[in-house]
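Read through the structures below before going on.
One chain, chain A, appears in both complexes that follow, with chain B as partner in the first and chain C in the second.
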Partner chain A sequence: MTEKALLIDVSKCTGCRACQVACKEWNGLPAVETTCTGTYENPPDLSPDTWNKIKFTEIGSTSDGTMRWLFRSERCLHCTDASCVEVCPTGAVYHHELGFVAYDRTKCTGCGYCTQYCPFNIPQLSGNKLTGMQKMDKCTFCLDRVANGLEPACSKACPTGAISFGNRGDLILKGSSRVNDLKSNGYSNAYLYGEHELGGLHTMYVLDEKPEVYGLPADPQYVPGYEVVRQDILKPLGWALIAAAAGGFALNFLVSRSRMVKAGKKEEE
Partner chain B sequence: MEEIERFRLSTRVLHWAIVIFTCLLGASGLCIYISQIGGWVGQGGYVGYIHRVCAILFVLSAVIYLVTNFKSSIKFLKEAFVWGLSDLGWALAAPDYYFGGDPEKMPPQEHINTGQKLYWLAVIIGVVVFLVTGILMWAFRDIVSESVFMWSLLIHDVAFIGAMVMVALHLYLGSIHPVMTESLKSMVTGKASIEYCEHHHGRWLRHELKKKESES
Partner chain C sequence: MTNHWIDLKNTDCAMIIGSNAAENHPMSFKWLTKAKEEKGAKIVNVDPRFTRTSSKSDIYAPIRSGTDIAFIGGMIKWVLDDMTANPGNYNMDYVKQYTNAALIINDSYKGPDDASHPGLFEGYTPSTTSAPGNLGSYNKTTWGYANTTTPNVDTTLENPNCVFQLLKAHYSIYTTDKVSQITGCLTSKLEEVYRTYAATGNKGKAGTILYAMGTTQHTYGTQNIRSYAILQLLLANMGIAGGGINALRGESNVQGSTDMCLLSHILPGYLKVPNETDTDIDAYLGRVEPATVTPAGLDGDKSANWWGNGHYKQYMVSLLKAFYGDNATTPEFGFNYLPKADSKTNYTHIGLFEKLNEGTTIKGMMCWGQNPAVAGPDCGGERNALEKLDWLMCIDLWETETAAFWKRPGANPASIDTEVFLLPAAASFEKEGSISNSGRWVQWRYKAIDPPGDARPDLRVMDELMLKLKEKYSGQTAHNADAINKLAWNYHISGEYADHADPNVVAKEVNGYNMSTGVPLTSFGNLKDDGTTCSGNWIYCGMFDADDNNKAKRHDPVDRSINQIGLYSDWTWCWPINRRIIYNRASVDLNGVPWDKGQPVIWWEYDGPSTKWAGDIPDGGWAPINVAAAGSKYLPFIMKPEGVAHIWGFGRTDGPVPEAYEPWESPMEETIRGVLKAKGGEGFNDPCCYVGKLEKDGESQNEHGSFSDFPCVGTTYRVTEHWQSGPMTRNLPWLVELMPDVFVELGEDLASEKGINRGDKVKVTTARGSIEAVAVVTRRLHRMTIGLNGTQRQIDHVGILWHWGYIGLSKGDSANILTPHVGDANTTIPEYKTFLCKIEKA
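Entry: the complex of A and B
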């Protein structure tokens, strides 16, 4: 099937947070009570009840000396090389056939490996840290809507057209042409983030500044060979050792038993 | 048949408590390790809870034993770290002995023989490794760096594989091996026959009998 994606053009974002509210509304997520910390950015971070939020950034010294106020909708980037999918021990986090990263909450054991290895710190654990009875939550790409031919709630709600939903290939073309426009308008750092990062992201950004300025890693890293060691070397080794031990014990039992019987017979004689 | 006490009641209670918690720890750990089981059992997130509770009970039972049996616990703990020439004697005789050879060729052993001492040492090291890596991943998850977490997980896994093999060995030698006729029984009833102890823990038996004589 054709891979779907979201393209978020931050140069068109006004920080209205309609997508943030639409996400909460559609997914039935309650509001979180927060305190004012001197910024419009609210809530301060993603949480199990906030899967999408606008990140506000102020930069005071641009090249032309003016001040800029930047907005970016922060949410799961739905990587192709997704660390969370790789490290999830129960297969609860998986790649949907449409390309994005979905998860089956009932399979989640709350181990939290996904929260450890996500290069963007997206997955959030809810529940009790002490007991470990936790569940992971994050942006679902509005799986229920998309699977039924609708667009995600965030792009539907966006009033400026900053968020568009569509076939990934089409969006790359759209994003690239927008980047060129921005560049010719003086935004020399304009960049289409997600075209190549981590095998291709399914949430792509048209950025008018460097990724770091927007709080995105310039070169996000996939989980290192660690999981390969665990899955491809450690697990088979464990099984092989147990099998070898079982075989060894059986052999030992037969040999020692027969020798003892023999020795016993000799004694009788 | 005359019998002699091998394990006191408190020691046996500790042993079987540890057995229960180890089984539960292993089973709940496997649920996270093996995706096929995990996906099925993971519902509700109880697996991690059971794992943590059992880890606490495991440590708690050991601590209670240590406090209530302080002297003998310290003596027993020390035992794992004292090695001598007599252990070499065991090592040389062991291959033949454990493959049904003449039991007379095995030098007389202490309360626990060299092999059991090795197992005991492995248990101590294993528990420390499990605890340190486990606590890092549990209580200090938000504090430690990603690589510390990664290594903790990897070491925890390696320790599990090692422990699984050691427990299998312990189970086999303790209850199935044809030479170890009264090992399991003594951990259940606390007693073993004098004859068995003569063959398996000769040095210890002589010492015990002397102690009894001097007492009476």
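Entry: the complex of A and C
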């Protein structure tokens, strides 16, 4: 099947956050309790209840005319060379036939490897305080919409056309042409992020500044080789864990609990 | 909007001033983004703050809040100078033939440059009363044309008393240096904006101005808009695709509510409200109908003067027939049932609350989708004024601060005698009806779900209220009882609406129909002054076809118009008579050929079986000036008595051309004309602005603050995530998550001086009160240097969100605790956008 993708053109994004709300609305995600900490940006981080958020960045200065206020929708980039898929011991995280990274929540053991090896820090773990069970959540590419011929909620809600959904090949052409336009309008650092990164991303960005300025790694890395080797050992072990869980999930409780203590700063908060 | 949202894609340059379009009208950027991408259009943003709009603009020009007239006045001067040097870069035919630039003004006129009254126009008398009201008024007799019926014309534009030369003289002092000293905007930036925007004066180029409350909410808000109008006329940008003056309405149906007489000075369709001098309909018509003025010496020799020539009576009588039906009989047609306004009373929001505060005349209030306890100027004083009411009815989706004023923080409910009724209203998805968007498109909406509980559509509430009133008044003969007893009120027909008012029936009445056949009228041209037709709003006449189809229900998503400029003429319907771009007769030359052939709005078809206009619905079907016979060469601006547009606008109360005055509270010591602050209102502030009075127990709640006590310039505004006074959004968890608290924005210079860090709690104070909020310290605001004649001083802006109040899921202090009870000279719209304040760590 033809690979699908999203193209986010930051030069057209006004930071209105309709996509952020549409994501919550479609996916039934509850509001997070927040406070204003002196910025428009909220919630402060992605979380199990926030799969898409706009990152606000101020650079330059109004007094000398160099001021820029940058907006970028931060969410799963749906890599082709996806570390999360590779390290997932249970196969819960997988590539959908349309190219994006989907996951089966019922198979997730909450081990947290995906959160550790994602070069973009996207997957988020939530824990059940009572059982200690953890689950990973992130942007699903609106699988339930896309599989039924609809576009994702974020692109549907975008008022300016900053988010486009379509065939990945078409979007690369569209993005490249926008990058050329931006370059000819003086944005010398304009760049189509995701055409080649990590074997090709399924959330691509038209950037008008260097990736780092938008909080994206210039050269995102796939999970190192030895980790993959570890995966090959861990994967069967993961299945064993599931078996244990089915039996009474005592072992699972211990493993995920310890993982939660290690990685679970957010839980503490 | 003179144009419409989609038309923004046709522009070559959009100047967004007094508006944060990206924030408050996100969809505008769909079309502006297209213009940028497909036409290489430039976006210029003029604003005290670097906003989400600025982030998508090619040029950002920071100005001190309240200095639009200086900023635009400088551009007008720049354009006038450049016109002399490079007339080929401008559409001089348009300026000479379609505006009043060439018309000769009374030679007794003296402007604010006259040494005998610096800063003032000829004819000023200051007010001597201590009552709240306008600072003064003008005798405007010298402001008009030398010959008031057939003004003389000099199309060389050289006569020193022609509008063009008077304009030049008026703005000659608005040099970029002076403008920079007033606005705080660097001269290099001013010149960059002026040069960029003036380029739209070329034939075939279009510039649009987008404005909103940042323009209007000043003591000279009307004149701010006038300055845009003058500029757009000089640049020949009115009537063309991608041009116009586009008021971005702050609510989806503000245009509709204005059309239907939300404001106190008009009846539906902008007919004037009768006053105490209108003893009968003829007296009224004699007062309101403009006499036709025919300029002598333009190529066009005929003025349509649409408000004259008997139309006013046709529209008024048809309105009275809609109101009173069979009771509207000759010769008065029920005119005397209409309430008459007292011409000396100010019925606007500010005036109303002052009357309310006096506690003698106003006993009850219906607050319909309004929340003055948060949204009103000097709202602390207005909250106190509500205590004077015997009863208050609020109708809204949620409990509002106004409905809860009796239990507000600091109030003692036991001492408040007001009886409050809170009626739950249906939301837009829960009722059927129309909204008219900023582009004048009347769009029908259907009910998606039933309203919850007892919530009802506004129409149903109004209907039940009126029927109960009719029941109570039945048989009574007291004065004014006829206003209710004679009212025709029959909106229950059948089916879904058998028991309550049917919006479809209301819509048909608004459109108008033949009184004997009931057949809808398809144009206001069919309205009669003899009582045989009715129309609840003449500008909506034509929304129905003769077969009872409501065109506002059309939803053809394809642009089928022949010129393919995004008119979408079969998508719903727009007033007047589906004309998508108004003043479009000015988009063509004297032969009917579009100035811009690339995106023509209308054009005269010389070929084919019959000669006629093609494209959009023209502003009158008469042949082009050069084609029509002598005596029928109609001038393009058909709503003006003289047929040409007003560069010189002598109808305003505070001057025929905008002059740069200071806000009521200003950090400046003098004006561009050297009028000192010490002189008070006369020529420093707008000399006709409205200064209110809100006393409590003999103490003023509308104090004036000085720069020495309050050295920062405060301004208030909204964000995308919240809506107006907040009930509709501060109760929604997803939106509260995005913007959980009231915050103020301040620049890094001010913050470091005050020891304020990002996220700190701060206190902002004005002479009226103080609020607490979270500090957003940002480089998007910077310290500006201002001051004329070497008296330099540095000022900082403090920007405050006004969405919050003491009720709802997210609570916070209301910014309007800080704002003054002062208003615009012409409209009394409050000066929410500029005041003096101070800020400190809380």
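Heads up, the rule we're going with is that the second predicted complex is superposed on the first by the 218 of 269 C-alpha atoms of A that agree within 3 Å, B and C clash if a C-alpha of one lies under 4 Å from a C-alpha of the other, contacts with A are read in each partner's own complex, and residues count from 1 in each chain.
Keep this in mind: a residue touches a chain if its C-beta (ideal position, glycine included) is under 8 Å from a C-beta of that chain, and two chains touch if they have at least 3 such contacts.
Bear in mind that the values here come from a model prediction, so they are computed numbers and not experimental data.
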item: First, second, both or neither for A:Glu58, with chain B first and chain C second; value: second
item: Which of chain B and chain C A:Val21 touches, first, second, both or neither; value: second
item: Which of chain B and chain C A:Cys111 touches, first, second, both or neither; value: first
item: Partner chain in contact with A:Ala31 - chain B first, chain C second, else both or neither; value: second
item: Contacts of A:Gln221 with chain B and chain C, given as first, second, both or neither; value: neither
item: First (chain B), second (chain C), both or neither touched by A:Asn121; value: neither
item: First (chain B), second (chain C), both or neither touched by A:Asn180; value: neither
item: Shared contact residues on chain A - chain B and chain C; value: none
item: Residues of chain B that touch chain A when the two form their complex; value: 31-35, 38-39, 41-49, 51-52, 98-102, 138, 141, 146, 149-150, 153-154, 157-158, 160-161, 164-165, 168-169, 172, 176-179
item: Contacting residues of chain C [partner chain A, same complex]; value: 22-23, 26-27, 29-30, 33-34, 37, 50, 52-56, 60, 62, 189, 719-721, 733-741, 743, 757-760, 774-783
item: In the complex, chain A residues that touch chain B; value: 89-92, 106-113, 116-117, 127, 129-135, 224, 226, 229-230, 234-235, 237-238, 241-242, 245-246, 249, 252-253, 255-260, 263
item: List of chain A residues in touch with chain C within their complex; value: 12, 14-18, 20-21, 24-25, 30-40, 42-43, 58, 60-63, 65, 67-71, 159-161, 181
